[in-house]
Amino acid sequence: MQDVKEFRPKIVAFCCNWCSYAGADLAGSARLSYPADVKIIRVPCSCRVNPMFILRAFQRGADGVIMAGCHPGDCHYTSGNYFARRRMTLLFSMLDYLGIERERTRVEWISAAEGAKFSKTMNEFVDTITALGENKRLEDLRCKK
Amino acid sequence: MQRIGVFICHCGTNIAATVDVKAVAEALSHEPGVVFSTDYQYMCSESGQTLMREAIREHKLTGVVVCSCSPRMHEATFRKAAEKEGLNPYMVEIANIREQVSWIHKDMKEATEKAVILGRAAIAKVHLNKPLKAGESPVTKRALVIGGGIAGIQTALDIAEAGFEVDIVEKEPTIGGKMAQIDKTFPTLDCAAYILTPKMVDVAQNEKIKIFSYSEVEAVKGFVGNFKVSIRKKARYVIEDKCTGCGLCTEKCPQKKVPNPFNMNLDTRRAIYIPFAQAVPKVAAIDADYCTMLKTGKCGVCSKICAAGAIDYQQKDEIVEREYGAIVAATGFNPLKPDKYNEYGYSTCPDVVTSLELERLMNAAGPTAGTLLRPSDKTHPHTLVFVQCVGSRCDAENEKGKPYCSKICCMYTAKHAMLIREKYPDTEVYVFYIDVRTPGKNFDEFYRRAVEQYGVHYIKGQVGKVVEENGKLKVQASDLLSGEQLHIDADMVVLATAVEPDKSARGIATMLTASMDTNDFFTEAHAKLRPVESPTAGIFLSGVCQGPKDIPETVSQASAAAAKVIGLLAKDKLTCNPCVANSDEMLCNGCSSCEKVCPYGAITYSDKEFRGPNRTTLIRRVASVNEAVCQGCGACTVACPSGAMDLKGFSNRQIMAEVDAICKM
Amino acid sequence: MKFSYYPGCTLKTKGKDLDTYARASAEALGVELAELPEWQCCGAVYPMAKDEIATKLSAVRALANARDLDTELVTLCSACHNVIKQVNNDMKTDADIVLRVNNYLKLDTPYNGETNVLHFLEVLRDRVGFDELKKKVVNPLTGRKIAAYYGCLLLRPSKVMAMDDPENPTILEDFIRAIGAEPVIYAMRNECCGGYVTIENPGEAKRRSNAVLDNAASKGADTVVTACPLCLYNLKKNGGHDDLPVVYFTELLAEALGVK
Amino acid sequence: MSHNKNAAKVEQILRSYGVDVRKCMRCGKCTATCPAFDAMEYHPHQFIYMVERGEVDKLAASPSIWHCLSCFACMERCPRQVEPAKLIEAVRVAVVREKGQNHLKPEDVPALLDEDLPQQAITSAFRKYSK
């Protein structure tokens, strides 16, 4: 039997505990669907996301990584999302330099009240990544068994 | 190797209708380290918890993964259950297969696959979990209230009522704040002094409350439960314990030309003064900028006539160190000075006044003894124009004003208009408004009374220019409903100026590491659910320092803040969040990167001895984290270039293990 | 002290007094006003459209000339001052305008808003200093009650003109004090005299300028000073106050310095 | 926006002048401060609202746009940075940019002159009213 598999991206979403993770919960309780390709990792704050985590995800074969935190000015820890924003800007410019498609990484500010935004953002992101296709440049094939 | 138990919750049909729970349990049972895997109808129920506890006992589990609803719902429940069975609560992890799977996906195959992956990620994390123990810290059973206006007074009285000690630090020589300057209060029109001064007396007489008047907070150290605060008692050149408040000195002082800020500088006072008759403490103070004795060494009249011998020209500022368990910011507000709005002529025409100046001009204890007179020629005004929203509701790019609605102006203007029309029926009163905002109990009724019963002319539009000519104020304004430009010859113009946080608030917020918004209002921990707490533990917010409020709202919030303080002080020990940062001293290179990004000042550096090669000792500067202060955001962990800093419960290895598990599929 | 000086069209013709008295006074104060070699009319109205380039070029030429001479650029007429300062602000802040202007002009060195533009009043206040000016006064106008008329263009838009508080200015009043007279402060001093519609709608221009002078007169002024030729013309012709002379501030300056 | 009947033209005007009419909170301070009020059919706050509603043609046909004194008082005093004066110029320029729409023609000038009228008045009138 021939196995023609349609491409389903692997997407890692880092969500801060106070805003975006709660936004994801709200999306869930409002039944606002988004593709199952998105898998969420809970972190206390967007500033906990080490750029290394994102590189690790790409190395292990993720096709897209999205980080979501509180809106600027609303960080539970006062200033964490500002640090996150600066760090991600640096990471993105490095990824640009490496020639990794800019669209594979994304930062969004989603509050605990924005379930709809969470769902919409994830839908859009999955569409973008699906259109881009598989991450071939950063995946470390040695990681594959 | 951990011995992990996995529990899949059906959540009735919430999960089980979309996720094949049995298949998930089966798939996860093959994961390394998993020694037990099952599913159950309601894991959070009593019997579900019992199931988990039995499994922990029987299978000697060292870690638990519950695949269920959001950890924000029941993480605490499952951790408590594990703890009862002797398992460290932080060895329990949740895979969220309800909000993130069953509720948003329809296809069972797809949902089941995702549930398995989320379960694997949680299992991968639990492998790296370590038992965590929450620390404890003691609580100093005393509170500090910064600011002695109605907010600070109410907070202090409520805390004292519960039996705890409270200090009030007030920068002026008396408590009372803005409310002491107000004449009548809306919507009941009772006298502010009649309702405020008894409270001030209560404060003075309460043994639990200590007032540091004419004092400022100089430095704050420590953390929730254990603050150490330096208070600067400014030299008032009067010995507080000796002064009887007789006021003789304030009548005899030869320096009469001192502007009187209590009356908004509409009259003068002496160089030695008691701000107002009901001041608490009723102790005089010398204004060093004007006192002839302090400036030239000649005079000494007050000292000679003071029978109590309370005058001390040699007095110096004094620093007092006090310890507190909780701190309440009640720093209040000031009305914006409208000197950037001279199209209204405030700086050039004395008859253009602010609303707070009008309060003094209508107050029986004010410069005109309660008779409304024009400041320029002391005559009775016949036509008055009120301008709303001066400096409020401006665009964020407008440098002159504030972007927010100041909230109280619509109501106090209605009050002013009504009082003037009632006392002086021969007046015409115009109010120019953009919107009339009256959400509050009996507020709109009050405003309608001003219009219907008192005949105040409310005009939708703004004033564009005020021109003083031949003793009149020619007011040019728009009437948007009639489409006309109006020209009114007025005798007085009253500007409802925006409320702005007191200038001292910014410095105090920095000392408290409490966050502020761009307008210098203190930020609350949660806009809806934690409105009287600062995000910084142990710091509470009372009154207008958090946002514009009227008196009833301020008092409610002040009592709410007091309740939160009482809840904190009632504890003997505080349990800390165990998911805090910690630094591996062997890896730390002493660079201070972590210290710089810490919003709480939880990281300190000290020199430590380490054993070097060949029995030498090395002294290295290394970071350490104060676990009682750290809130566990993790900013430092990413800033650390050497990988020394990590976050318990969300360690680098744990998060990477989750990443790997998700990407593996 | 040497400055490049941009007189503008009116100061060479109908507004000569504004110019001649300024030059004479400048000399007395040790300020050298070197007229730009090839200046062109600024157009008298700042074009607010972002896509208007051609109408901004003459101002940029003057600005670039002053830059090349390594001097600050001094203006005297309120309208020129307004146009040149606003265009300069565009050349500092609007990358699109900068690009298009420089593409068009093809200067040896592209212009990017380097020149500092000063009104002659600012030279008196910030470079000479009113205290210094006071010392050089030989003929103080003691007892005179002078009303300063700012009009609209000198102060607004305040963010760009950055010369004084647009609603409660002091620069002309301080100037009046420096030459020994007493300033008369009146609310209409920064309201428009209607000069722009003096051709279109003389009735309106009359009403506006009359309101200005009425207000100044009610405060006891004996003279009104201005920096704008159009305001001067309009206030004199349409103000309805023959009892209230309107003169350029430079005329009183020259008088006080004894060079009139 | 169905509220706006003339979206493309409005968009063009707003873009070239950098005005954001949505910032207006309808306080009417521009109209309160306008020295040319009596000469106008539509007043500054109405300009803003009419442009927002797309009624540019109606505005362009009104004599009001020629009565603005360009004194910038509305811009200076607007609490919301809406800049009505720019919008009025924008509509005026849109009119004169259309062929044959010059409000002031060179042949009309001599009749308007008197011996003291400064050049500035004519220059500015040309710049404001003609292509």
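Side notes on the structure shown:
As written, the chain order gives the labels A, B, C and D, with residue 1 at the start of each chain.
As a convention for this text, a residue touches a chain if its C-beta (ideal position, glycine included) is under 8 Å from a C-beta of that chain, and two chains touch if they have at least 3 such contacts.
All figures in this text were calculated on a predicted structure; none of them were measured in a lab.
Across the two candidate interfaces, C-D and B-C, the one carrying more C-beta contacts is C-D.
Chain A and chain C have Cα centroids lying 58 Å from one another. Chain C and chain D have centres, each the mean of its CA atoms, that are 24 Å apart. Averaging Cα coordinates per chain places chain B and chain C 49 Å apart. A straight line joining the Cα centres of chain A and chain B is 34 Å long.
Residue positions of chain D with contacts to 2 or more other chains are 38, 73. Each of the following residues of chain C touches two or more other chains: 167, 191. Of all residues in chain A, none touches two or more other chains. Shown are all chain pairs that touch, namely A-B, B-C, B-D, C-D.
For chain B in complex with chain C, the residues that touch the partner chain are 339-343, 345, 347-349, 399, 465-470.
Residues 15-18, 35-36, 38-39, 66-67, 69-73, 75-76, 85-86, 89-90, 93, 104, 112, 114, 116-125, 127-128 of chain D touch chain C in their complex.
Residues of chain C touching chain D in their complex: 8-10, 13-15, 41, 43-45, 47-52, 55, 77, 79, 151-153, 156-158, 166-167, 191-192, 194-201, 204, 207-208, 229-230, 232-233, 236-237. Residue ranges of chain D in contact with chain B, taken from their complex: 23, 25-34, 37-38, 43, 45, 73, 77, 79-81.
Per the touch definition, chain A reaches chain B in the complex via residues 10, 12, 17, 21-22, 24-25, 27-29, 31-34, 36, 39-45, 47-53, 56-57, 60-62, 73, 76-80, 83, 87, 119.
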